[in-house]
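Next, two complexes with chain A in common: one pairs it with chain B, the other with chain C.
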Partner chain A sequence: MAVAKVLCVDDALFMRTKAARLLAGQGYEIYEAVNGADAVDKYFDVKPDVVLMDITMPVMGGIEAVKAIREKDPEAKVIMVTAISQRSMVLEAIRAGARDFVIKPFEPDKLLEAVRKQCQG
Partner chain B sequence: MIREAEAKEYAKDLEVLLAETDEILANTEQNLVLLEKAPSDSALLQELFRAMHTLKGGAATLGLEEAVSVCHGMETVLDEVRTGQRSVTSEMMNGLFKVLDWLKDWRNAIGEGAEGPPASGILPVVEALQICPSPSEGPQSNVPLKWPETCEKLPAKGAAGALTASLEALVSQGNPVYVLTVRFRTDAPLLSVRCFQVLTLVEEVAEVAGSSPSLEDIENDKASDALTLYVVGEKESEQAQRIAATVQDVVEVSMRRYTVNTTIAGASSPDKKPEIRVEKTALGKTVRVDVALLDSLMNMVGELVIDRTRLSQIAARLMSNSETAAVGSEISSLASHLQRTSSELQDGLMRARLLPLKSIVGKFPRMVRDLSRRCGKETVFSMTGESTEMDRTVLEAIDDPLIHLLRNAVDHGIEMPDERERLGKPKAGNIRLSAWYEDNQILVRVEDDGAGMDPERIRRTAVKKGLITEEASRKLSEQEICELVFLPGLSTASETTEVSGRGVGMDVARQNLERVNGRIELWTRPGEGTQVTLRLPLTLSIMRALLVKCADEVYAIPTSSVEEIFSLKDQSIGSVRGKQAMKVRDRIVPLVSLKGVLSDSPWQRDGSRYALLTRTQAQPVALGVEELLGEEEIVVKELRGLLSRVRGVAGATILAEGDPAVILDINRIL
Partner chain C sequence: MMKAGLVIPFVESAYRFLQEELRVEVTRGQLRLESSKATSGEVNVAIGVAGEAEGTVLYSMSEKTAKQIASILIGEPVPVFGQLAESAIAEMGNIITAQAAAGLEDYGFQCNLTPPTVIAGKGVVISTVDIQRLVIPLELSVGFMGISVALRYLSKK
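Then we have the complex of A and B:
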């Protein structure tokens, strides 16, 4: 089975690398984007299996990015990475087509489980 | 402010719970009666279990802990039976009925805003029913319970009714609906978003007819660790279940079929085991309307009917004149349009007043069962035609008579078991309640295969009580003697028992029926049983009537009571034993004149030109009238006060010309 590709989108380097390291350790192939616009470009470049998407980012936010990606690829699997205080925004993201969400700061197991589920589904 | 809003919400929730509880308790009662006859019916046990489970969930949501513990206990008992750990005994049935009665008391108490009886009054009974105490019940049964299984909360707020209605509509249209209960880890963050996620994902593969909490509540962050989804379609629901299970923090997804309020109708014959038929009833979308409003609307339709008739008459007058013929025909077509519209309106309103017999007979199986036990008799009670619809007023009028007739059947009709055996009858007596439409009437019959009535005993009692002279009684046929039971003051049971003797006799039953233009008929044969048939009108407010003229007054006679009309000159009028009679085909029928009847000398000869052959039970009579004015739809206006008690007067109506006319009940005037 081909290695699954994950696109990690976050403007904060710390969060991005943490997720990347964790997933790489499980054998995933990791790509990174620093904002929504970057994420949309990279998405259609790389065609990742799963996207981990932050919500608040400069240039283009996560929700907008989800919309842009889902518009062209309705099958896109996006997991929102969110702070617990961003309830209504997660709701909005799901409405826009995000499939799942994990709470920041994430528990490694939860993040891995979420990614694994999206890869299977 | 917040408190007020909460109180309001609680009141709304309570209203929903009460309505659901009524339904659950009524069904449970019926099901318990059936269970007694079919103690190993697993579908029945399942239904009973589910009922208690639902009630428990509802009560728990509103913090009504007393009922929660009782329902929980019931669940345990039913579960023990369902899983075959024990079988149903009559002692157990009595216990279950006792618990049911407690739940009814509880429901009535909380319905009136009272506290409700303490569970401690019934819990010993519940505990005695169980083999082992409820597992999740602590050492003290008063401790609020928590249970591990999924608990469906009532659909949120006032939306519940609408949701139930739309689900029932779906089911009635043949769409299977499934209930998916999704449970989340209780400590999961952003639960409402999880609910939203599940809902969104499920909606991608299936139609979600509703949810609890509702979408609105979820969006407003009102969610708990359980989400109930009502999903349409079996395959879709299975897929939805799989998908929901993949969502993070979901610990369990259960699925079951949604069933609409089920009513049970037992049909049985003496040698067959009672066969249990489960009828699913779909109520569709309904609203509650005050009967008074319906009545006033009906009255207005009545006015319309009168106007319409008048309009047609004006049109006819105009058309007979060549100068105004054009206007006349325009008015005539307007009148016929008005006729169509008003009769549709009439039909619609009439239907709105109709209720199925079901709405009053639900209590009967339990009643018959309890009575039978008290009398030491064995009975099999069955009902057919419960969906027969009739006017509310009619339904109200027959409620007490039916209770009385069933009591009679158990108490006086059915013999003791050993007596029946000796007679070669099945040990258990059959009592049947049936209803059906016949012509323009509704027939409701109560019959039993018991001892029947003893004409000789009735005759002696009637004579002894001075209701009839010995001499007169000798002239009566057996059938006529039996009909004496409809006279006030005759009770044939040698002693008035607690069961039958409650002051509501057959005479009261007959009066009740006559008030709604109904009739009561009796058939009985010693040793074979008794049949009492109630003949009821389809509707009360509007009827077709024959308008006749008598001594310059117009009278209306319901068309339903007239069999045939003859022109008198064509008929040979003769006399039999000094009384007028006429020959109708091969039958000799007594001939009375309306004028004579109204002036108390029925046999007088007068200028009657037509004869109406009446439709009565036994002996038809020809009623002579001077003039026939035609047949019309009339609106019955109830007479009040003294006038309402005039024998033979069924009401009044207003004729097209605006004059009042008396409606005659010819069965009573003859």
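Then we have the complex of A and C:
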């Protein structure tokens, strides 16, 4: 049985693959979305325990997607996983409802710890 | 007008990524300012920058170098420069530029980035139109990579 369901949202195939391989190896059930709009659709289909969300994506960005998900599910657990460490973006993501932040390129242990923390919380 | 000092965040960010993530040796060549069209490498990543600094940042390299970098990032051999390798190279450009953008914020320039675009092929010529490019040549233990920073900065009062 899977440890928990994780939705990996990133327009970059490489980042989705990297996160998916890491988490699947730890027993998580992985779902993928390629942009914010795809993430919103898949979130309500799959009902993941945790969402890993990139910020800069085409069609719909990560911050907008967090707002859309949290509007319908205020308990959604979203971790921003992004290369953007600009203070303004960090603050905007937190205001939008993100619960944690992992900066790319992520260290495997840090990502796993962030996911574990949300699964327990 | 290109401000040479503001290229520092790009140099620092590139060194950090290349040394810490790829674990390759990096030697920087002489910075140069260019106005002509860039004769690019076989694999190029372009990232658009908008806001208080605007323009384009380009990462250019040979396909052989791109495959070697992708191989390190993915953690397995990359015999063909396919979709996953392309995505890995694009993400390298994205991460270096995003971290440099965070550095620019420290200088007082807030900017946003576009998702990366990969332009691959021999003999590709890329123009940054009327924005001069500051070229950062980097000799890596896996090959050569050039970073062209073509940005103009909104003057600060």
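We take it that the second predicted complex is superposed on the first by the 116 of 121 C-alpha atoms of A that agree within 3 Å, B and C clash if a C-alpha of one lies under 4 Å from a C-alpha of the other, contacts with A are read in each partner's own complex, and residues count from 1 in each chain.
Following the convention adopted for this analysis, a residue touches a chain if its C-beta (ideal position, glycine included) is under 8 Å from a C-beta of that chain, and two chains touch if they have at least 3 such contacts.
Nothing here was measured: the structure is a model prediction, and the numbers come from that model.
On the superposed chain A, the two partners chain B and chain C both fit, without a clash. Superposing both complexes on chain A places the Cα centres of chain B and chain C at an angle of 100° as seen from the Cα centre of chain A, in steps of 10. In the superposed pair of complexes, A:Phe14 makes contact with chain C only, with no contact to chain B.
In the overlay built on the shared chain, the residue A:Arg95 is in contact with chain B alone; chain C does not reach it.
Within the superposed three-chain model, A:Lys117 lies in touch with chain B and out of touch with chain C [touch as defined at top].
Superposed on chain A, the gap between chain B and chain C at their nearest CA atoms measures out to 9 angstrom in whole units. Overlap of the chain B and chain C contact sets on chain A: residues 84, 87.
Partner chain A is touched in their complex by these residues of chain B: 189-190, 192-193, 196-197, 200-201, 219, 221, 243, 246-248.
Touching chain C in their complex are the following residues of chain A: 11-15, 17-18, 56-58, 82-88, 104-105. On the chain A side of its complex with chain B, the touching residues are 84, 87, 90-91, 94-95, 99-103, 110, 113-114, 117, 120-121. Those residues of chain C lying in contact with chain A across their complex are 17, 21, 73-74, 83-84, 87-88, 90-91, 94-95, 97-99, 101-102, 105, 110, 112-115.
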